[in-house]
Structure formats: C-alpha cells, structure tokens
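Per-chain residue numbering starts at 1, and chain names A, B, C and D are given in the order in which the chains are listed.
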Amino acid sequence: MDLTLTEDQIFIRDEARRLLASKADGDALRRIVSRGDGIDPDLWATISTELGWCAMTIPEKHGGVGLGLTELVLLMEAVGERLAPVPLWSTACLGVPLLTAIGTQAAQVWLERIAVGDAAATVAIADMNSVNPFQGGGVTATRQGGGYILQGQLPLVTDAQVAGLILVPARIGQDVAVFGLEPSTGSDFRRLKTLDHTRQYCAHSLNDLSVPESTRLDRNGVNADALAEAETIANLGLAAEQAGLARGAMDLTLEYISERVQFGRTIASFQAIKHRCAALEVDLAELRALILGAAVQPDPRERMLEVAGARALASDLAFRASEEAIQLHGGVGFTTEYAPHLYFKRAQANWHLLGSPERHLDRIAAHCLPDGDAA
Amino acid sequence: MDLTLTEDQIFIRDEARRLLASKADGDALRRIVSRGDGIDPDLWATISTELGWCAMTIPEKHGGVGLGLTELVLLMEAVGERLAPVPLWSTACLGVPLLTAIGTQAAQVWLERIAVGDAAATVAIADMNSVNPFQGGGVTATRQGGGYILQGQLPLVTDAQVAGLILVPARIGQDVAVFGLEPSTGSDFRRLKTLDHTRQYCAHSLNDLSVPESTRLDRNGVNADALAEAETIANLGLAAEQAGLARGAMDLTLEYISERVQFGRTIASFQAIKHRCAALEVDLAELRALILGAAVQPDPRERMLEVAGARALASDLAFRASEEAIQLHGGVGFTTEYAPHLYFKRAQANWHLLGSPERHLDRIAAHCLPDGDAA
Amino acid sequence: MSQQDLNDLRHEIRDWMDTHLTGRFEPLRFRGNAGDGDALPELRKAWEQELAHGGWTCPHWPKEHGGRGMSVPQQIVFQEEYGRAGGPGRIGHIGEGLVGPTLIAFGTEAQKQQFLSGILAGTEYWCQGYSEPGAGSDLGNIRTRATRDPGSGDWLVSGQKVWTSLAHLSDWIFVLARCEAGTVGRHGLIFLLMSLDQSGVEIQPIEQMGGGAEFNSVFFDNARAKAEHVVGEPGDGWQIAMALLGFERGISTLGQQMAFAQELEAICDIARENGMTKIPSIRQRIAVAWTGLRAMRYLALRVLGGDGSHDVQRDALGYKYHWSNWHRDLGKLAMDVLGPEAGVLDESDPRKERLQRMFLFSRADTIYGGTNEIQLNLIAEQGLKMPREPRGTKG
Amino acid sequence: MSQQDLNDLRHEIRDWMDTHLTGRFEPLRFRGNAGDGDALPELRKAWEQELAHGGWTCPHWPKEHGGRGMSVPQQIVFQEEYGRAGGPGRIGHIGEGLVGPTLIAFGTEAQKQQFLSGILAGTEYWCQGYSEPGAGSDLGNIRTRATRDPGSGDWLVSGQKVWTSLAHLSDWIFVLARCEAGTVGRHGLIFLLMSLDQSGVEIQPIEQMGGGAEFNSVFFDNARAKAEHVVGEPGDGWQIAMALLGFERGISTLGQQMAFAQELEAICDIARENGMTKIPSIRQRIAVAWTGLRAMRYLALRVLGGDGSHDVQRDALGYKYHWSNWHRDLGKLAMDVLGPEAGVLDESDPRKERLQRMFLFSRADTIYGGTNEIQLNLIAEQGLKMPREPRGTKG
C-alpha cells in the first residue's frame, strides 16, 4: 500500500491551499460572517466552475475527471484549513457519492451538471447524528397517483438554499428511494441562524409534500452496498475537513503565540505550551495518516471501519485544536476580532454531523467484539 | 457544614503520618516486598494494639473510641500515602462497618475483640468489582442439620490469612446472612501471588463448606439500609486510601525531580512538568474536599452518591499520579530499586476493588437521570 | 452564630428574594451573570437599589461603615440563597466586594465619606483598571502613565486598559498606573480613583464570541484623577492592588455554584427529553459533572471556613482552576447533549439560549481572572514549591 | 519491484517461518520482545544462527557486504511476516540494524572484515553504550573518559553506562566517551568498539518492575579499546553516534505492530470470555485502540515509504510518541479488561502472563529511546519551529 502522494496530487493540494489562502483569508471570512449566510458565492463559482473541484471524483464517463479519494481528501483538508464557506462537502461528499450510488440515467444527468459547476448539491438527512445518513431514516415516501407523497422532518440540512439539487433519501417499504428536489419543485428550505457562521444550515418540514414521479432518481431502490460506500465517502470527506480545521486552528495559534510576549518571553517559548502544541501535532499526524490510508484502502468494509475511526479522532482533535486556539490567544481569543471562535464554533457543529465520535467507535467495537453483547 | 478539622483530628492525622513516616518508610517497604506476604506484622501490632486505630470508629459501648468517619479517612489517607502493608482497610472499613450493620450480640463480641487489637478482620466478597459488596452476591447458604452449607467462589479476598475473622456475606433466599469464619473453623484461604506486593490477597473455593450455626452472626438477615451504609464506609475508606496513595506518589516524585538535573536544570524547573504536577494537585484538592465532605454528610443517600463520585475520582487520580511518578523518574522509574512501581501496582489493584470508576459513575447517573433508560 | 440563627437568616433571605425578585424584576432571574454581563442594565441598576432598600448591599462590611458585619458562614448563606433564587449578576459587585473593603482598609476619611455611601445605596458603580494590551496576565508590565499636574496636584493619566468589565455601565474606575518614569515591574505604581465621566476617557466595547460585550477597552488621554483620589502613597500602587485582590475571598462563588447546579439540571432535563440518556458516555459525563460540582462546593466550604492552615491554603490555590475548567467542560457537555441542532439559535427556547451562551462564555472562564496557565504556574510554584518560571528579556 | 514480486517474497518468508519457527524453536513464539528481552537467551542465540542459515539476517545490507540489498517495501514485508509468525525478539538487532550500517558507512576495511561476518552469521552480539547515570536523556553530558595509552595507542576507558539493553548476552559494545579532557557537550567525544570479555568491564543487571532484567549498567575501569577500533576520528564521536541513530529507520516497528495486534486480539478475546464487552467504556477503548493501531500502520508506511518531503518528515517526528503512548494505554486497557484479578499471577495462563508483562514493561516504552518529554520538545522545536528549551547552568 503506497501512501506517497504523486506529483499531481501534491500539485492539486498546493494549488488548492494557495487559492484559499488568498480567497478565503481572515478578511474574506469576516466579510462572509458579517453577511451571515455562510456562503461565499464568488469563491464557490471559482471552485466549481473554473477549477472543477466537484468534477474531481466524478467518473470521466459522467463528465468528471475520474480521480480518486486521495484528491478529494486533499481538497477537503484545504477547505477545512480556511473554513472556506463553500458547499463543497455537501456537493462533492454528500451529493456526488449518493448520485454515483444511484447510478441511473437520471442521476447521471445531475452528475454531468455538477461536474461543470452548473449546480451545487446536498443531501437532506433527517437525523444528522446518524452514521447511516443515506438510508432514508425519518422520511417516508408513499406512491400516490403519478407521483409520491413525502413525509418527514428535516431539521438540519447543509447548504440547501444554495444547492440546485437537494437529494432526499426516503423509505418505500424496505427500499431506499432518493428524490431530487430543486428550488423550483417545491423544496422550501428555511435558512437557520446558527452559532457556526461558516456553513449554511437550513430546515424543512416535509408535511405530505407531493412530488412528481420524475423527481425519483433511483430505480427500485438503491443498492445497499453502494449506499454504504457513499456513506463512507461522506464521512471520509468530513474527517478530512476536520483534520484541515485542526491544522488551520493550530497554524493561526502558532503564528499568534510566536509574536505575543508575556513576562518578557514569547508565549511559544513556554514549555507547557510547546508540549500541548506538540501533542496536538502528533494526533494530527496520526489522523492524517489514517485518512490517507483509508482513501487508498481497497476493501470497502475495512475502509468503512477506518473512516469510522478517523471520524472519531477528527471530531475530537478539531475541537481540541480550536479550544486550544482560544485558550492560547488569551483575552483576544474569545472576541469576535480574532478568528479562533470561528474554528471553535465550526468544530462543535461538525462534531455531531453524521454521528458523534461514540457512535463511530461503536461500529468498530462491534467489529472487534463480534460475539459480545453491545451495551 | 463545617469542614474544618478539629485540633484532635489534626493531632490524630499528624501522629499517624509521623508514625508511618518512620515505620513504613522506603526501607521497611522494600523489606516487606522481598518477604512477599504483603503484611508487616510488627507495624500492625503497633497500630491495632498499642494505638487502637481499629477502635476509632467502633462505638464506645462496643469497646471503641466512638469517633467519626473524618478520623477514619484521615488514617486511611496516611496508610495510602506510605502503602503501609497492614490490614487496616480490611479491618476498619470492611469488617467493622459490616459487624456494626449486623448489630447482634455475636457481632458485638467481635467488635470488642477488634477494638483492643485482638483480631484483624476482613470480608470475603465474591465479586470484587461490585459496588454492592456486602449483599452476598455469589455465595449461597443452605440450612442443613444444625448448621449451614456455604457454596461460592471467592477468587480475591484481602488479608484473609492475617485476619482472625473472615466475614462471608451469603444469600439465604432474599436475606443477606453473614458468617464469621475463623482460621480454626474451616476457612482455608490460599495466598495469591500478585503484582501488588503491598497488600495480602487470598482465594478460597467454598465447595459445600459445612459450618456450624454459631458462625452465623446475624439474626434473620441484615437490615438493607444498614448494609448500604456499611458499603458506603468501605468505599469511603478506599477512596481515602487512594487519595493518600496519590499524595504519596506525588511527594516522592516532587522530591526526586527537585534534585535530579538534566540539561543543566532540575527536572522540576521544566514548565511542562510543573503544569502536570499542578494539574494533579488540583485534582487531589478536589478529591480530598469531596472525601472530607462526604465524611460529615448527614444524609446517607447523599453520602452514598458522594462516595461513589469520590471513588471514581480516586481510582483515576491514584493511577495517574503513580504513572506520572514512573514517567518523571525516567529510567529508574521502572526499576525495582525505586518506589514508584509499588504505588503504580497498588493503584491498579485498587482500581477494580468495589467497582471500577464507570460503575460508580453509573450510580450517580441513575440519580441524576431518574427517568432515563440506563444503557 | 448558631445553626438555628443561620437557618433563620436563610429563610429571611429566601423570603425577601421571593417577594422582591418578582413583578418588574422577574425578567432578571438568572440573567446578567458572566457571559451575559451586559444584559438588561437599567433594570439591574434598579435592582441594586432594591437590594439597598432591603439592606442587602455590602452585608459583609463592618456595621460602622453601613454593612451588616456578616460572618463568613452568614455570607455563605446569603450567596447561596441569592444564587438559588436566580438573583441577577451584580453590577455593584466591584464596588461592594473590592473598592469598599480597600477604602475601609487604606482610604482616607474623605475618600470613605465620598464613596462608601454611593456603593451602599446601589447608585454608584465601579469598574477595574488593571489589565493592559501589552500585559494581559503580566500585571508587572503596566505602561499606563500618571503624571502630576504641578498646578492642581491632580494626576493626568494616559494609556489603555483592557478587559474592563462593565466599564460602559460604571461611574468610576480604579486604575493602576506608573507614576515614576523609568521604573519597571512592581515599583513606581500608583492606585487612583477616577471618574469615567470626563473628556479624556473613551470606552470601547469588546465584542465577545457569544455576542455580548461586557468587557471594554478604556482609553485615557490626559484624563484627570483628583489629587485626593490617590489610595495609599504614590509608589505604593502594587501593594494596594494586591491587597484589593485579597478582598476577593470568593464567597460569591457559592452563588455561582447555584447557577452551575441549575445549568446541570437543565442539561439533565434535556437529555431525558431527547433520549441522550441512552448514550453511555453522556451518562458518565453527567455523573462526572455532578461529582465535580459537589467537590467544588466542599472545596469552597473548606477554603472559606478554613482554619488558615498550610494544608487548606494549598488546596485553595486550585479552586479557580477547578471551577473554571469544570464549567468549560459543562458547556461542551451541554452542546453534546443538545445534539446536532445544538448550534441552531432559537429565540423561543430560553433554556437552550442560556446553555449556548454558557458554552461560549465559559471559554472565557479559563482566561479572565488569571488564565489556566497562570493558575498552574501559581499552584506549582506556591503550592508545590517548584522553581519559578524565569522571566524573559523582551519588554 | 512489482506488487507480484512483493507477494512472492511475502509467501517465501511466511513459508520459511512456518517451517523453521517450530520444533525446538516453538517456545520462542512471541517471546523476547521489549519487556521480555532476557527470555530464553540460549535458544534465541541458536535462532539467530537459524535465521543466518536461511539468509535472513541483515537482509537490508548491500549485497557486497553479505546482505540481500532489500528495498524498503521488501523490508516492510519481511518485518510484517516475521512479526505475524511470532518471530522472537532479535538478540542480533543492534549489530544488524545499527553497528553494521555504521561500519559500512564509516568503518575501516579492517573493521568491516573483522565485524560484519559475525553479525551476518548470528554468532556475535552487540550492545549500545550511550546513556549514563548523570545524563539520561541528555546525551551531550557524557562523562565516560577515554585516555590514550601512549605505548599501544589503545584507548583506556573508565566510567559507567546505563540502560544497556542485553549487555549480559552480548560480546561487544560500542561506546561514546569523552577523549578530550575539558570539553563539554558534543565536542571531544570518541566512538569506540569494545569487547565486553575483559577484566575492566563489569555488567550489573537492572531489575525491572516487571521482573525481567534486560537492561544493565556497564562499568568500565580502565577497560581497553584497541587503537584500530575507533570509528571515525577521535573527536568525531558525536557525529558517528548521531549517524548511527539515523540508521534506525524504524522498519522493525512494523514487526512490533504485529505483536501489538496480537495483544489487542488477546484483550478482545478475554473481554468476550469474561463479559467485559458489556461495559460501554471498555468497548469504546477497544475501538480507540483498534483505530490507533491502524493509524500507526499507515503512519509507519507513510514515513518509511516517504518521499522525504517536509510534510512527511514533520509527521515522522511524532511516530515514537504515538506508538509508545498507544502501547502504554493498551497495557492499562488489558488490566482493566482482566478485572479485579488482573494482578493475580497464574503460571498456567500464558496469555494473561503476557499481558501482565506488557502492562508493566510498556511503562518503559515512553521512557527509553527518548522520553515522552524529549519527544514533545523535539516535535515542538523541529516540527513546529517553536523556541528551543534553554539549557540550565547546573552540570
């Protein structure tokens, strides 16, 4: 198993980091935060249309570039590092994998549009704390006339107001069906005010929403293995974003404490501070290795487990790195003037997306202890 | 609620610490360890006969001194601090409270003997990881002829070879009966070799052991509230011992690192080390306050919960303080020449006695979340 | 004072709070505490005067200065009942707890005459001018300058203070400034009482991550402190400043613990409602929080009622570190119990709003009033007698 | 080398281990690793020769020096299969991994002639003389002295080394000593090859808390190193010593990971047998251990197969800290899963004995080979470019 990045991969990573360092710097972030909708449309246009980041993991036959998961995690890390307010996770890690899992002609049409930057996408997940987000839990579809009636509560959906396609997994009996709602076809998502200012969150109540047959993108339910694979990618992308967030929070902290003088010394010169930063650094190296390894892991079940482990580590590390960012900035750390609070709020928001650390570890425990009674 | 120690209490504590500092110092400890039976008989004679420590919490009418739990925890802290190899916990925190709970004339005879140092005592608990050690779980008694048949496995009993009285709680139907075995009445406890060298551990299989009627100390079962009270005292005493152990491990570490020079500085001068020691110190202050508070808490249920919390904190802190003792001693820390390993092994042995931290926290959670489903 | 007398006092306070923290004051319940310090300022000032009418301001001051001469156990009872009733954060706290005792100990007769009555009446409010942008945790590094005006004998002050709590609601500030050019560290400082209502003073709020702005930067540009408003002698500023901090005996933390208990209870309620009680680690963390709070109470009682022994003093050093980190962890627990929608703002759910505010503001608990890092240094050096951290040579 | 070739190699090694680590060598499975390093010494020496007959000693040495010239991916495969089969701890490790490569790079022709063949044949064993009682983590503080004997040109060595692994089983030691009086720190050091079989050398075992004694103190009292057994020039000792440490590329840690995996598996088995799987925190900790081990493997592969980029080098700094603390935590987990009787010694239960040994010895993992504290300094200073820790003025 070779974990060395290729020259192309290094190029992709470095270019992404360079772009975001200039387009999603502190000033840009503050501007978006003060506007309050959690999206930078110009940056998203650059990323999706000019640079084709969403196309990265779409197969060539669907208009994509056909690269692998390694490229995806490198991009997600770069986004996390700068808290770039773009719907990349929703589109490339929720929408694209789910559309790929659906695999129908109808899904392909959407993949082609996404590949050229024509639409952002997201998936409306009823229980955001679920480690099986694409199984349609909480939403039921009932056939009626020439279409369907959808019923369910969607209290937290990412990027729904900016997405051209909102995928809604729903249960029809034992099957998982997926409906593609568009802003024009009755999706009425309400934007939420949240503590995290760097992502868009919306809500919707599907109260017997009637949708035409054409919105159903799958044929006779989505294949279970394919769905599981898509869920793994959703979590892998989020873990990478969280790793990037941790790196970003650490970097801005290191920069601050290397300048700031207390008691006649830089804060960075205090050994207790050095050791705390070093411990975070070790954990980050561990997490990044696990993410890169999972990205090239050929076995889907092993990958699922590794990604579960990565999510558990990542949620924890992103939170710790950003709480240390506040603490080590001292007084200015809890003001809105400096950036640590943005990392901190995003880290907590991410914590529960697609399952808290404990839920992910439960999956691994069930694997290690197959005969043991789960508690 | 007044947590200030009285002059008498301070005197008891200081005298106990002074005695053990000379009689249970490093050399004495090494001597006992090399002998291998986990008991210092001379020291025990001094404590039990001359100084009457066991009498401390026995009511005056039973030949004791009639002091309170505060005095008991001060003595147990002193014992823990030096890992003094004496059966004080078994006698004063297991045996005496259980005998007091039984409350019969037969029990009183034993209390009088213990008060004058005529016998050490212990309780044979089938499941040492239980937070209800005195409920007789795992041992059944059946009436036969003029006596009883006892059945059960006792894989880990503290100080059974040195005790003149081994109390065996057993179930008779719904009741808890308690049998008093003596070395002469058929108790055949096998001494175990253990990692912890500073306490005696024994085992016994009660395979249809026949005992006479006279060994049964209770009348028609022990009162449930009284048993629960006794269990609280057993845990409180152990928590105090663990707090003492943590203090002892910290003190020997502080002494070592204040002398030892690396890179031209004492190890104690490195800020990362200072902060780790300070964090332990904070936790110890917290734990000791909780123990002293629980000792004067008038409400039995509140005391039970506070002691549960104290045990959870204490098991964790004793382990952390002794693992830091090894780590901060560096190379010599894992040799038998220095004392940290003795603290470390005892800390791990104590961890599971009368319930791991998780079990104690479960009790508190059940109190805080009365309607919630326990997992 | 007997246990019975304390119980009587407890009931007296409970009754008073029940009958007064109601009606127009009802909205103040549990408001205005740290993190919410700029809430409802006008109503809280009125509340200060209500307290004064009841004779509950400055209860620990000596009777000859208008207080009730309350003993420590009495003060504990007062703070507990005040907190339990949801008594709001005290705008008068700095005057009552710090300035008053300092003036009683070190002030001139004229200073006592001028200032104590406004504090007692709940009509004049004070704030604290210690921290500076370049100093932060490092009080020895004060750069604000005080120069004597030869004509009037007044002091002209220039410089900046930060993290000044509630400056925008206050009338007066006490300022630690450097009055002898060329001095460094603890030498050459002066302790001045200054009116905030003058042209040389500018107050700028600092917006916190939780949305509030109870802290301020205060800029002085040749602002004037009257000649008679020096406490102690010029040059004694450090000693006065340290003595003032010593008056902060921390009894008010017992009221704070009542608020903590209510926060923990709210978290337990939410967990029962949303099913988080099924998650084992949530149950364990709630139990740890319960334990920590109980220990905190006993630690406070041990320290406050303390016999002054070395043992107790050593344990006291860790108190601030313990409660602030406990509270910070409680904030995280609250969010984790609230689940994926923890971050959604919902004005119709005040319980959730309170926990969100607590989550964010508790991040400041481990920073203001001595950061975690300063606390650990202190515990290591004073409690454990470990070597002092060397000072560097920059600035 | 293609993936197919690597697979072929994997099967070749697996077959060889299956057919050779059997019969009289059967008792060696999973023995002799760190913490158990002095187990079954004679049989393990015979095993070294068995390996040599199979051509599996020194597989990474260049072919011209008797090795197989294995690439990094091949070495990874070898270590993985050796570890998976339960191959015992290598008494020849220091010679094969450190001394050989150092001599190949810096030794004289005569030194190579004299020493490489014994290492290759598994007949001569080496140990390491770096640490000293006063130095510990501080290699710059070496006090062992080497004085030139004017007659023979030999070096006479006096002083003490500690933490010398397996000295009592070894024939030779390499020693870092101070050859220029009055020098301090990294200057004036010499790197010497010395026979342990001489009268001026005394070896004292250090008894470990786990009962074993694989570390020793080695005392030199005018012990002799031959003139021709200096590596490099006198005064270059520091450079040679550091280069030698650089040859420890850590590929053997992949074999170690196989042992770790088996330990974790044993813990899972015990938990299933004794019902500890019902305890939620035990389940979570097992999952954390699984995750950490998987991450460790990827981190090792990333570092070993690394492109040498700054990114990878930075991540590599944390590897030792990660695995040693992971292993230490695993020891605690093992005891907690074993429950109240975890500490009871029972010769009839080798699985429990192994975990008890591991629990105790893993406490040394975070100390030897650079303590946690040294590792964190290194990561902060080299990885994060934070300021260096100042040296003090004592000693």
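Going forward, a contact is a pair of C-beta atoms (placed from the backbone, for glycine too) under 8 Å apart; a residue touches a chain by one contact, two chains touch by 3 or more.
If you're wondering where the values come from, they're calculated on a predicted model, not measured in any experiment.
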Maximum centroid distance from subunit B, chain identifier (CA atoms): A
Of B-C and A-C, pair with higher C-beta contact tally: B-C
Centre-to-centre distance between subunit D and subunit A (centres being mean Cα positions), rounded to whole Å: 41
Subunit C and subunit D, separation of their C-alpha mean positions in angstrom: 55
Subunit B residues counted as touching two or more neighbouring chains: 266, 269-275, 358, 375
Subunit D, residues touching no fewer than two other chains: 279-281, 284, 373, 376, 389
List of subunit B residues in touch with subunit C within their complex: 1-5, 10, 254, 258, 266, 268-269, 271, 273-275, 277-279, 281-282, 285-290, 292-293, 305-306, 308-310, 312-313, 358, 361-365, 367-369, 371-375
Residue ranges of subunit C in contact with subunit D within the complex: 280-281, 284, 390
Residue ranges of subunit D in contact with subunit A within the complex: 264, 268, 271-272, 277-280, 283-284, 286-288, 290-292, 294-299, 301-302, 305-307, 309, 314-315, 317-319, 321-322, 373, 375-377, 379-381, 383-387, 389
Touching residues on subunit A, where the partner in the complex is subunit C: 127-129, 155-156, 192-196, 201, 203, 261-266, 269-270, 272-273, 319, 323, 326-327, 330-331, 333-337, 341, 344-345, 348-349, 351-353, 356, 358, 375
Touch list for subunit D against partner subunit B, complex: 131, 134, 136-138, 141, 162-163, 206-210, 279-281, 332, 335-336, 339-345, 356, 359-361, 363-364, 366-368, 371-373, 376, 389, 391-395
